[in-house]
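All chains are identified by letter, namely A, B and C, in their written order; residue positions are counted from 1 within each chain.
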Amino acid sequence: MKAYVSVFRLRLTNGMQYRTAALAGVATQFFWGFIIIMVFEAFYSGAATELPISLKQLITYVWLQQAFLAFVMLWFRDNELFQLITTGNIAYELCRPSGIYGLWFAKLLAQRLASALLRCFPILLVALFLPEPYRMPLPIDPAAFLLFLFALLFGLLMIVSLSMLMYISVFVTLSPAGSLLMFGVIGEFLAGMVIPVPLMPEWLQRIVYVLPFRWTADFPFRVYSGHITKEEALIGIGIQLVWLLVLVAVGKMAMAKALRNVVVNGG
Amino acid sequence: MIKVQGLSKAYQVAKRSSGVKQAMKALFKREYKIVEALNDISFTIEPGEIVGYIGPNGAGKSTTIKVMSGILVPDHGTCTVMGYTPWKDRVNYVKHIGVVFGQRSQLWWDVPVMDSFDLLRDIYKVPEDEYRSTLALLTETLELEEILQMPVRQLSLGQRMRCEIAASLLHSPSVLFLDEPTIGLDAVSKIAVRRFIRRINEEKGVTIILTTHDMNDIEALANRIILIGKGKLLYDGSLSAIRNRFGTGKTITVVYSHHNERLQVEGAIVESWSPERAVLSVDTSQVVISEVLIRLSEQVELLDVTIDTLPIEDMIVQLYKEHQI
Amino acid sequence: MRLYGKYIAMLFKSQMQYRASFWLLTLGQFLVPFSVFAGLYFLFERFGQIRGWEFQEVALCFSIIHMSYALSECFARGFDSFSALVGNGDFDRVLVRPRSTVLQVLGSKFEFTRVGKLAQSLIVLGWAISQLVMDWSVLKVLVLLFMIASGVCIFTGIFILAATMCFWTVQGLEIANIFTDGGREMAQYPLNIYQKWVVRFFTFIIPFGCVNYLPLLYLLGKSTGNDLPYMLAPLAGIAFLVPCLLMWNHGVRHYRSTGS
């Protein structure tokens, strides 16, 4: 366990060094946030029918998405891991006494945390004080906020276990870029990153609800805005936990299998 | 051919300090340290010369090469190469020079060498018939025949370096800058590269400026060396002059039939001794070698004699020491 | 120009060495804007229109900007990935060759996998045109091509500006994404749906609005008064390239005097 913690800490401090990059990232995400909100504003201004989510809730959705981009983006590439796998340097990792799954999990988790910690506070802080209509409202009550934090945390763990599956798949294909790009694009769409899940057509929502992706982004954001009630949120967190267990179990199994192949092939 | 006069160049290097507070400060005001890469360098190189440009790491060798090849603009001083000022009129000037950076490649990694050559022909606008004859000559002297159709990534380092040099000669430049052309090569490839450099110098009269850390390169190629250290010109002259200065010390190793007494030779110092073999050092400015040998043969029955000069490496180290660099 | 063609041929050969990865990436590149377009489709399915613009009209707008983006990502990739060229010192090599730096940097890299993106936007363009009731003329086709070319100029200009920054620092280059990715994202909708300050910025500073919004009004017959200014608006994109190239030359001068 101690090994995982120190890998985690090393990665975290390493990631925190990229301050200038983070600053540029914050500016970029602000711009994106504004553009997306303006587009929705334009759409809403002409809407005749009753809509499944209010503009205010949508704005919250957008700002949270921008602030926690590093938590919810499936496509968060770690070249070091890719190189480990494709060059055969994985042999080094195999020599270490700790399990690879745990080590990599800690690595990826720390990387996302470092990136998000640097970026979320400035974005949230400014978003809370923006002039209307762009301002992000405060959470409706402390309980909802607490639930949001839990949902976000489990969502983060879920996305790391999902991306672990992506890395493991590289063992099989040995060509990371193409297949992962596709996986990332489809996964992010189903997580509600392109358009929010409530605005998707019914049939698509039904598909989205049975897949794991939406639990990483769409769910915590809607808990914050109160679009998902507290009772539903509690059940949702339970479902997140079940998904997490399943994903980790599948990942560990796939990893063990992939590693066996590596050993058989002689690296 | 090349005339360099009072060349100076200083860099500003940002001082980097650790700590959040320092980093915040650096956002607004950076502190700089001035590094004098070149300080009043002057020399002249005649057509057809091979000049070894040497100095320890960070002495300013690369900076000089970059100025002479038109990449960098100096702070002060003038430099004319074939009537051009390299950093002015860059495009017209660089048609007449070839540059090899030993640590980097100018060939396209994934395609056959020949394709890279063809593209270079277009970049340099070499007329077709001229290109063909140059290529034939290069292929023959560098023994490229078999590797021209291979992608660069499959070549060994030695093969690649031969192609690199050929690539920088396709447009028949009058001046060739070689920045560490033998770095990382094995002994056989080194010798091949040296032989080739010698040959194009002799046959095509190409003026060559060569930087290297391998003194064997210098010994095999350069009649003249320019030594710089900490941005200053320290020595400019022939290799034999250095040899005369530091090469007066000789080592004589003698093997003789069994002799139980320690040797005593006037004018020589006995460095080591055994009943069969002795090593003596002699300063030839004090005593003539034949004299020492005569005295030796009076004492023992000589079976074998070897006379060595101080290796050129050691002479350069002496020179560095003398200038405290 | 002939040399530029040679560069393309050479790099195409290189990329074809890795065929499987090439096709996978191309397919991936096809899917990226496809998912965005799917999002657009779903939004219109729900809302019907945006400030009076129909889905087909926005699709036309979308395809033009995405096409320009794909083309400039393919052909100006050398500037887009310039930090690597400066970082490993290969820019010195560019300087000892008797051709312009711009041409050589352009020729240093092509990203042919962007054909995937290009194909996607071509399909959307074809679909949008088939759906829209417009009376086409030679002039309108020319204006359409002009719009795409102008978009390529703007994106390339931004890539060049970002590359110029590399001469001073390689940190914080991500900021350029605001104007490339962000500009593309913004310009896939007609400009008039945005707030005034956005409209002004993207008309007068970085003229994305002149690439598709203004000439689009002409194409769709929505323009008022004289058509000529609407038709000639894409000129702004080409004009945008000029200061970018000047900045680039300034950057090269800086590099040559500091060697950093």
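The rule is simple: contacts are C-beta pairs under 8 Å (C-beta built on N, C-alpha and C of every residue); 3 or more make two chains touch, one makes a residue touch a chain.
Not measured: the values here are computed from a predicted model.
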> What chains touch subunit B and also subunit C?
Replying inline: none
> Could you name the chain whose CA centroid falls nearest to the centroid of all protein CA atoms?
Replying inline: C
> If you average the Cα atoms of subunit B and of subunit C to get two centres, how far apart are those centres in Å?
Replying inline: 47
> If you average the CA atoms of subunit A and of subunit C, how many Å lie between those two points?
Replying inline: 29
> What whole-Å value do you get for the distance between subunit A and subunit B if each is reduced to the mean of its CA atoms?
Replying inline: 55
> Which subunit C residues sit where two or more other chains touch them?
Replying inline: none
> For subunit C, which residues count as touching subunit A in their complex?
Replying inline: 20-21, 23-25, 27-29, 31-32, 34-36, 38-39, 42-43, 45-52, 171-175, 177-178, 181-182, 185-186, 189, 193-195, 198
>> With touch defined as at the start, can you tell me which subunit B residues reach subunit C in the complex?
In response: 9, 11-12, 63, 66, 69-73, 87, 90-92, 94-95, 97, 99, 101, 104, 106, 108-111, 115-116, 118-119, 122-125, 151
> Can you list the residues on subunit C that touch subunit B in the complex?
Replying inline: 2-3, 6-7, 10-11, 13-15, 17, 88-90, 92-93, 95-100, 104, 253, 256-260
> Which positions of subunit A touch subunit C when the two form their complex?
Replying inline: 20-21, 23-25, 27-28, 31-32, 34-35, 38-39, 42-48, 51, 175, 177-179, 181-182, 185-186, 188-189, 194-195, 199-201, 204
